[in-house]
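Presented sequentially are two complexes of chain A, the first with chain B as partner and the second with chain C.
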Partner chain A sequence: MNYWLFFPELLLVGLAFLLLIADLFLPTSRKHYLAFLGALSLAGVAAAALTLRGEKVSLFSGMFLVDDYALFFKFFFPALGVLVLLASVEYAKKRLTHTGEYYGLILISVLAMMLMTAAGELLTAYISLELLSFSLYIMAAYERDNPKSSEAGLKYILLGAFSSALLLYGISLIYGLAGTTSFEGIGRLVQGGNGPALFLGLALIIAGLGFKLAVVPFHMWAPDVYEGSPLPVTAYLSVASKAAGFALLLRLFATAFAPLMVDWQGVLAGVAAVTMTVGNLVAIQQRNIKRLLAYSAIGQAGYLLLGVVVLSPQAADAILFHLAGYAASNLAAFVAIIAYFNQTGHEDIPDYAGLAERAPFVALTLSIALFSLAGLPFFAGFTTKFYLFLAAAQGGFLWLAALAVLNSLISLYYYLLIVKEMYISPPPPQAGRLPVSILLHGVLGVLLIAVFLIGIYPSPLLTLIQAATRPLFF
Partner chain B sequence: MSVQLEHYLVLGAILFAIGFYGALSRRNAVAILMSIEIMFNAVNVTFVALSRYVTPTLLTGQVFAIFVITVAAGEAALGLAIIIGIYRSRATVHVDEMDLLKG
Partner chain C sequence: MPLLLLTFVTPFVGAVIIAAIPSAHRNAIRMVAASVATITLALAIYIFLSYDYRTGGFQFQERYPWLENLGIAFQLGVDGISAPMVLLTGIVIFTGVLVSWYVDYRTKDFFILLFTLVTGVIGVFISLDLFFLFFFYELAVLPMYLLIGVWGSTRKEYGAMKLVIYLTAGSVLVWIGILALYIAPEAKTFDLLRLGQMTFSPDFQRLFFPFFLLGFGVLAGLWPFHTWSPDGHVAAPTAVSMLHAGVLMKLGAYGIIRVGVSILPYGATVWMPVLVLLATVNVLYGAFSAMAQRDLKFVIGYSSISHMGYVLMGFGTLSVVGVSGAVLQMFSHGVMTALFFALVGMIYDRAHTREISAFGGLAHRMGLVSVFFVVAGLTSLGLPGLSGFVAELLIFIGTFQTYPIIGVLAIIGAAVTAVYILRLLATVFFGPFNTRWENLRDGSRVELFAAAVLVGVLVYVGVYPTLFVNIISSGVGPLLERVAGVG
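Let's turn to the complex of A and B:
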């Protein structure tokens, strides 16, 4: 067996521990070097992954797959990790203690997500999912002196562990039917119409993963955890963990459960419809911007599920494409919110009054990010949603596609409420300009370019994505 | 009457249901964690039984159970650490008193 194929993961483990050791020797005033060290490490891991192009092998008797699908995420997740690390620096300096371990946890969670997308059987998938969840539980509860943060951590771990148990019970039933845990073996051995055990197993797996992805009716934890967690963690949760969950879900359903489509397609279609509608309708009533974006993220999960329901090659492309567009837009929105929060400590929507005068670039990026999330043309959201809804309509789910378009219109309303506060409401008296660090400006600039690039010139990304989803279907 | 696969599966299902009920009905965070541990152990019973009867020559299910035990231990440690953090600042571990975060 060629261990070189496992090199990016091994490298990341080593670098994460190196960062934790370096943390011991740095004085508190210099901890932010670790964020840059972490960003460099992730860039190095992505560069190491470049050598794996075009490979299609399985390691450790099928537990770990090296293919273009996993490879795509070996660039995607480190890129997200770098952006979150850089966006955390100022926040961590002001509000977090033990920042070195915080940066270390980000590296470890990136590793977990890379493993999750490369898993070829249920045990590996489960262990890497737990590695990701554990890092996120700790990060959610990271502001020890803030009772909201601990409360978020507690709610997250209780519901997360509960959902793990559901997922595991589902896995055990599927294992009993198939006699194997490998995705490919399950796809080969389990026939449809196997009665209640198969149905219960599938339902429990959908419920367990549904909790992690925050789809209705398993979404109750998301708004509370998003509101209570430190802001950069919320940003990371809403983008990275969602992307990793969908990457796993897509591989699982495309390779293991595709022959059983009749058993789950209807259920999943219902979940998708309810998720996007509830997410967008409840978002309208929110005053706290983190809660609003939590519900908006639930709505986005509904759109992404649309692709899993259809499960054609085009739909798989559309899922990855929408994930990339959503990640860029949502992260841009969150980085803008972080920039504002660092200076003011406010996170309610009325507090954003007059932001266009106080920090024009931040207000502009936030507006563009929100327009992109709503799906207005020229921005990433339009192109990616267009692909996704088109794939759904072609797959015979015209009603779901129509519902998704309707929901996008609803979402435009609550996104516009924020834009209205920033551009039309006058700033509070004696409010001066807000200083924003060069680093945050840089991160915002990069994300803004990504949003426009995906929106206007998507073909290079689409070519990559089409290569990435090929191993799922052939 | 000898013990068959069904008996183990029914035992697993009953344990899982007990844990499920406890996790949803308990108000004490520690009790919820304990209920979740019962659910994990129900899964372990199911895994080991299935491993023995469905794939007697392979140990997949038993290995899975060992990993589940390990992960459950980690989960409990992490959960208790967070509960202690909350207890220090609020002097309560009742989940219905955790109402700072509300929509």
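Let's turn to the complex of A and C:
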């Protein structure tokens, strides 16, 4: 067996521990070096993954897959990790203690997500998912002195444990029937037909993953956790963990349960419809910007489910494509919010009044990010949504695509309310310009470029994505 | 030379250059804005004049690959319908920049957004790919919100939000229509030229034509989805009202023709009687509402509804005369309404009110503004020798040929227009002089130059419409042959 194929993961484990050890020797005033060390590590991991191009093998008797699909995420998640690490520096310095472990946890969670997308059987998938969840539980509760943060952590771990139990029960049922947990083996079993136990097993797995992805009706934890967690963690949760969940879901459904999915199309379509509608309608009511983005993220999960419903090769491309666009846009929005929060400590929408005059670049980025999320052209959101809705319509779900378009209109309304505060409402009296660090400006700039590039020149990214989804269907 | 690409890129580059200038340098920003607008206008004129109507069809074609696997390419070209629209955009942005010369509040942001808007508008008129047409169509909405919300007056936040919601709701319908079109077994391309040759099944056409008709119709001010328009016009700053009523509403009408009628001709024949009825309501309702207004800008806003009604009515006839008249009316009304809004803006900037009853005898103080206003008014009521006459005459002829009763109603609409326009002219500019306006000054040189350009165009088209009519019918002809082929 060629352990070189497992090298990026091993490297990341090593570097994560190196970072935790380095933490012991650094004085508190220099902890932010660790963020840069972490960013370098992740860049190194992504570089190491470059050597795996075109491989298609499985390691450890099929537990771990090395293919272009997993490879895509070996770039995607480290990239997100780097951005979140850099966006955390100032926030962590001001509001968090034990920042060394915080950065270490980000590395470990990136590892977990890489493993999730490379898993070739249910238990590996489950264990990586738990590794991710546990990192996130801790990170959600990281602001120890803030009761909201502790509440967020507690809520998250309770509901997370509950959903893990559902998932695990579903896995055990499937194992009982198939005698194996590998996706391939399950695929063979499913060919043989349907049965009540299989149905129940799959239902439990869908419910368990549904919790992790915060789709309606399993979404109740999300707004509270998003609101209470430290802002960079909220950003990370809303982007990375959602992407990892969808990446796992896509591989699981496309390789293991593909023949069954036809029976589930109706149910999933209903879930998608309800998820996007509830997410977007409830978002209108929100005053707190983190809660608003939590509901908007629920809505976005609904759009992504469209692709899962259809589950054609084009739909799979569309899911990854929209994930990339959503990640860039949502992260840009959150980094802008972090920049504002670092200086003011406010997170209600009316507090953003006059931000265009106080911090023009931050206001511009936030507006562009929101417009992109709403699906306006020139930005990533329009192109990726167009692609996604097209794939859904081609899969025979024109009505669902139409509903999604309608939901985009609703979302534009509440995003515009934020833009209105920033650009139209006057700033509060005696409010001067807000200083924003060069680092945050840099992160915002990178994200902005990504949002524009995906929006107007998507073909390079789409070529990569098409290569990535090929192993799922052949 | 990639002429169309250049025309499209110029305003965008302008916006980028302006973004790079520090906001304190207002004069530099204005100079750049004026130069960019001049170049855009020059290119638009060049394209219009060198369009060869004897050959017809789409000219100056360019094609840049984009997403080939979906059948999307950035494909450009103009025909006899879009060439006048590009010219109109050039004229309106040129004069719009001039009348915005004295915008002092966040000048830089204002011009950036204005040029972004124009980029989108030109993009719609020159795109021969459905994806990009829709892309730019949506792009036009976004800057509108900020332009009205930040620089507007009278209930600006309400007006801006209402406009965005209505227009986006319209584009939701269009978007659904596009999705449906793409998944129909025939299509799998966004190329408008190829879509324009395909035949979709009659049931499909009957079902999905309304999506395009109503979706684009919202932006064209189609009754009963027009209410965003007067509110938006009134709230918007002068240059934006000009672009908005002058060009943006034409995007909607253009979309109906370019996408709806040319791709789904059978659907058009089925639904056009409905459009004619709605358009008649537009004409009459708009005219009567205009009569009841007290605010100058509302009068112009409702008169736009009424005039856009003529455009839609002309489309509804599906005859070469009627549709050509409608396209000419799009151009003529665009210039005329830009002139109206420019003049109202000049008056409002000086008098700080738009209440009609507050004025009287303004001609004593604002001589040239009054003269120009009278010209715009006369165009509006269709006086021979001005552009409105030719356009409306063609529409009336087309309507009488197909729907005689509607034709009568249309002419009644024109009579009502005459009533409210003449009454407006009489109260505001003539009659006894209201001494409150003793210190009022005429427009500045820049502003009057802008207005004079617009007046010149109105007179030119009115006196010598041949060129316009030739070019327009070279575009309308093939389209209607296709419609006749299926109808």
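The criterion applied here is as follows: the second predicted complex is superposed on the first by the 471 of 474 C-alpha atoms of A that agree within 3 Å, B and C clash if a C-alpha of one lies under 4 Å from a C-alpha of the other, contacts with A are read in each partner's own complex, and residues count from 1 in each chain.
Assume a contact is a pair of C-beta atoms (placed from the backbone, for glycine too) under 8 Å apart; a residue touches a chain by one contact, two chains touch by 3 or more.
Because the structure is predicted, anything quoted here is derived from the model rather than measured.
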Chain B versus chain C as contact partner of A:361, first or second or both or neither: neither
Partner chain in contact with A:452 - chain B first, chain C second, else both or neither: neither
First, second, both or neither for A:282, with chain B first and chain C second: first
Touching partner for A:7 - first (chain B), second (chain C), both, neither: neither
Dominant contact partner of chain A by residue count, chain C or chain B: B
Complex contacts: residues of chain C adjacent to chain A: 66-67, 69-70, 131, 135-136, 138-139, 141-142, 145-146, 149-150, 156-157, 161, 164-165, 168-169, 172, 175-176, 179-180, 182-183
List of chain A residues in touch with chain B within their complex: 122-123, 126-127, 130, 134, 137-138, 141, 144-145, 147-148, 150-155, 157-158, 161-162, 164-166, 168-169, 171-173, 175-176, 179-181, 223-224, 227-228, 282, 285-286, 291
Residues of chain B defined as touching chain A within the complex: 9, 12, 16, 19, 23, 29, 32-33, 36, 39-40, 42-43, 46-47, 50, 54-55, 58, 60-61, 63-64, 67-68, 71, 74-75, 78-79, 82-83, 85-86, 89-90, 95, 98, 100-103
List of chain A residues in touch with chain C within their complex: 371, 376-378, 382, 386-387, 389-390, 393-394, 398, 401-402, 405-406, 408-409, 412-413, 416, 419-420, 423-424, 458-459, 462
